[in-house]
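Below is the structure I would like to discuss, written out as structure tokens.
Which chain is which? They are A, B and C, in the order written, and residues in each are numbered from 1.
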Amino acid sequence: MSAALLQYLLAGLTLGAIYALVALGFSIIYNASHVINFAQGEFVMIGGMATVSFLGAGLPLAVAAALAVVVATLVGLALAKFAVEPARGASVVTLIIITIGASILLRGLATLVWDKKIHALPAFTGEDPIAIAGATIVPQSLWVIAAASAVFAILWWFFNRTLAGKAMLATSHNRLAAQLSGIGVRRVLLASFGMSAALGALAGILIAPITFTSWDAGVMLGLKGFAAAMLGGIGSGPGAVLGGLALGLAESLAAGYVSSAYKDVIAFAILLAVLVFMPGGLLGARAAERV
Amino acid sequence: MRIASLARTAAGLFAGLAAAFAAPGAQAQEPIRIGAFLAVTGPAAFLGDPEQKTLELYIEKLNAAGGVLGRKLALVSYDTAGDAEKARTFAKRLIEQDKVDVIVGGTTTGETMAVVPMVEQAEIPFISLAGAVVIVEPVKKWVFKTPHTDRMACEKIFADMTSRGARRIALISGSGGFDKSMRAQCLAAAKGRGIEIVADESYGPGDKDMTVQLTKIKNTAGVQAVLNAGFGEGPAIVTRNYRQLGIAAPLYQSHGVASKEYIKLSGAAAEGVRLPAAALLIAESLPDSDPQKKVVLAYKREYESRFNSEVSTFGGHAYDGLMLAVEAMKKAGTTEKTKVRDALQSIRGWMGTAGVFNLSPTDHMGLDLSAFRMLEVRKGAWTEVK
Amino acid sequence: MLALAAALALLPLVFANNYHYEVAILVGLNAIIAVGLNLLIGYAGQISLGHAGFFGVGAYGSAILSARYGWPQLAALAASTALTAALAYAVGRPILRLKGHYLAMATLGLGVIVSIVIATEDRLTGGPDGMGVPPLAAFGAALSGERAWYALVAALLVLSVWLALNLIESPHGRALRALHGSEVAAEAIGIDSARHKVLAFVLSAVFASVAGSLTAHYSGFITPSRVTFLHSIELVTMVVFGGMASTFGAVVGAALLTGLPQLLTVLKEYEMVVFGAVLMATMIFFPKGLVPSLAAAARRFAR
């Protein structure tokens, strides 16, 4: 394997892990409520920006990060409680517009509470690149990849081995049946937004040393995360990870071997082709909509 | 929450309606109306934000000092979010409804060019704060601009590269308007200067990793220097990835990142990076004999003490635009548009934050290459390369 | 219908200056897109997050053919409309088999692809800084001035609404509504759902394309900022805000979403927060959109 190819793969892997973390947030909320949350990218932004401001207030990085996750989780819970729950039963597009409204609102609040500048967080463990067979990777990328793997493992355990996780999955399969068997479906909705927001914030903190953060950092991340979630099959955890990695690798390989100007076009064209031949995404087992 | 947001909405709507339909009343001591449309939000917000702040600050200061021509100044400004279509509508609003005397604004080239036909038709002096050379070449009767052009930046950078013996260079640029315009200018400017562009890569808006593009550049044989045209977070990511890959050739950035923010974001990776910029960035370290020192130091202190944030050359462009307009009005002794325009294009030897302006009917920017300094990042600070 | 025509005819009485005409023209052009998009979203029940792409093909098709190749403007408009229709048909056939969010994703991807191509091919399109567009001219006379444009756009809006209303009452419209209710049931009674969905998709794309061509000529300048996915989302928001499956709702939605930023701009740094809050509150309290929800409330009150 040439050093250049290895470099492209490392870049794609880093990007893919970022996209996968955002995509997992989309899938968790979708599973609990069949809502596509277009404000998911804003959770990522809040994670990064809140950490920056707590850090600026003199707190140590770990404390600042933990507080930022708490802030994002509260925002997520508020979004579920005051915006999504009152609109229960509204059509798919109406719910999409509500979350789009929320994303605009949160971006506006971010410019008021914080500022319109771009910020960086310090890398967790130094910035000296690590050489691997002629290619290089920064330590922070390893943090992102490791964290994405850990999050995925924890989520798998939660949804498959714990009662609360199984209750959330059951709600996604059949809301009425879940309710009849005593599952608090409203709590499930709240829990899914809280988890998703915390996950998004975590992603925002992890990537801020590499990609920086700013009040509008969530827009493109949200778009790519949504694409990754759909590519893998919305609602599927392994699908979100696979979709994220596939999208990240498609972008970096397209930039490396075809054209850096058209890498996103190539990535989206692949996405379209996959959807045409596999209408439920790569790992989407069941039809997206019931009759 | 519901009630509060509804109340705020209602209040906003009424205020908006009132503002939208209230025609400016005719009074004896009408203020001079300065119109502005800036990208205060959106992807170019870090350009538009300091511009807006600078205009507010200096109009306040001018008014405190008694105004201009015995009249107060009033600022009417709109946020375009960098959208050219919005810029056009707001420019129409400034001209038709707010009846401003002069327009300062247009953060980006797209916004500026979308407004040019309307301004030419309405015959109102318009000072743009955007970079591309197309704004003033060919010369348009009513359109001026204060920042250096992207072509000048290319020339300055190529001259510095040549002096270091670099003739085979690689380009990496963003996909925004500033980036692509500068890339085109550099491709054109390279031809007559014996510079050969051997690699030409680009990255998209919001891209998070440029190691792939830089790996391609690294693997291109004989690259002696690399130039990154872009602004915002992209160039900082390029700089970090550049060091990560350990590329030895010198890296040049454009004047689009001429602020302390760039060094902060790039960290140690910025060390040794060069870029052309106005003297504003090195105000304190200028020798006292430097004719620019007084102006740039005053602006820097004023801005930084008021807003508690680092000065940038972008806000400086707005300072130059506003002050040139004021200078022209004083010179013309009136706000009558044709006379102000004529006065504007006869301003010579006027010192701004970007350098000495020598305007003429054939040069609506008036800056030359001497206004540009070649700076290098040393120990985390801008230092002039002599 | 007549009320709309009368309102459009009387509106200029309250216009104080050309800026008011400008906003009205932009509202009209957006309303044409929203009326078309409503056929797809409101009646056929299919989401598209890519209509800014069709708007862009129309706008840039007209701009490039007339500015770079010297085509007569009407010929350029016709050619770019035909191109849009062909593109919508070619893409619509495979992707309209997708459902719900997957269709949203596919159309979003299509829009993103169109916008990147436009921003990248700068020799043709002028790149991100945009390109100039000659004024609309036909039979040797150029259309200029806000008043003339207002008359044209108002007439076209009335025509669009008339077309949409007729279409909805036609067998095709009934078929669309049937498959919005239940696609399986519609197919069971012999409705070719694929054909009807594709037709609605192509029609809505054509509305967007024509409005795009006209916007380009009216503005005299076009940049890719109007072709991004954010603009696609704005267009869908107009339809949903005003009211799905209500043609007049689409017009109201376009008027509010175009006019609101012009009013809210006086709030400066609070603009985004207020706009987001208004959007959310409206959709939470009027989930079917303003016009249908208010109409239902009025009916309940009358009873």
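As a convention for this text, a residue touches a chain if its C-beta (ideal position, glycine included) is under 8 Å from a C-beta of that chain, and two chains touch if they have at least 3 such contacts.
Quick caveat, the model's predicted, so the values are computed rather than measured.
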| item | value |
| --- | --- |
| Pair joined by more contacting C-beta pairs (A-C or A-B) | A-C |
| Maximum centroid distance from subunit C, chain identifier (CA atoms) | B |
| Approximate Å spacing (C-alpha centroids) for the pair subunit A, subunit B | 35 |
| Between subunit C and subunit A, distance of the C-alpha-averaged centres to the nearest whole Å | 31 |
| For subunit C, residues that touch 2 or more chains besides their own | 116, 120, 269-272, 274, 277-278 |
| For subunit A, residues contacting two or more additional chains | 111, 219, 261, 264 |
| Junction residues of subunit B - those touching two or more other chains | 40-41, 175, 204 |
| Interfacial residue positions of subunit B with respect to subunit C in the complex | 2, 5-6, 8-9, 12-13, 15-17, 19-21, 23, 40-41, 78-79, 82-86, 88-90, 92-93, 95-97, 108-110, 113-114, 117-118, 132, 134, 175-177, 179-181, 184, 204 |
| Touch list for subunit A against partner subunit B, complex | 4, 7-8, 10-11, 14-15, 18, 82, 111, 116-120, 127, 129, 136-138, 207, 210-212, 214, 216-217, 219-221, 252, 255-256, 260-261, 263-264 |
| Subunit A partner contacts - residues on subunit B that touch it in the complex | 1, 40-43, 45-46, 49, 175, 201-206, 208-209, 211-213, 215-216, 219, 232-233, 236-237, 240, 243-246, 261, 264-265, 267-269, 309 |
| Interfacial residue positions of subunit C with respect to subunit B in the complex | 16-20, 22-23, 26, 116, 119-120, 122, 127-130, 132, 219-221, 223, 225-226, 261-272, 274, 277-278, 281 |
| Interfacial residue positions of subunit C with respect to subunit A in the complex | 41, 47, 94-95, 97-102, 104-106, 108-110, 112-113, 116-117, 120, 182-184, 229-230, 233, 236-237, 240-241, 244, 269-280, 283-284, 287-288 |
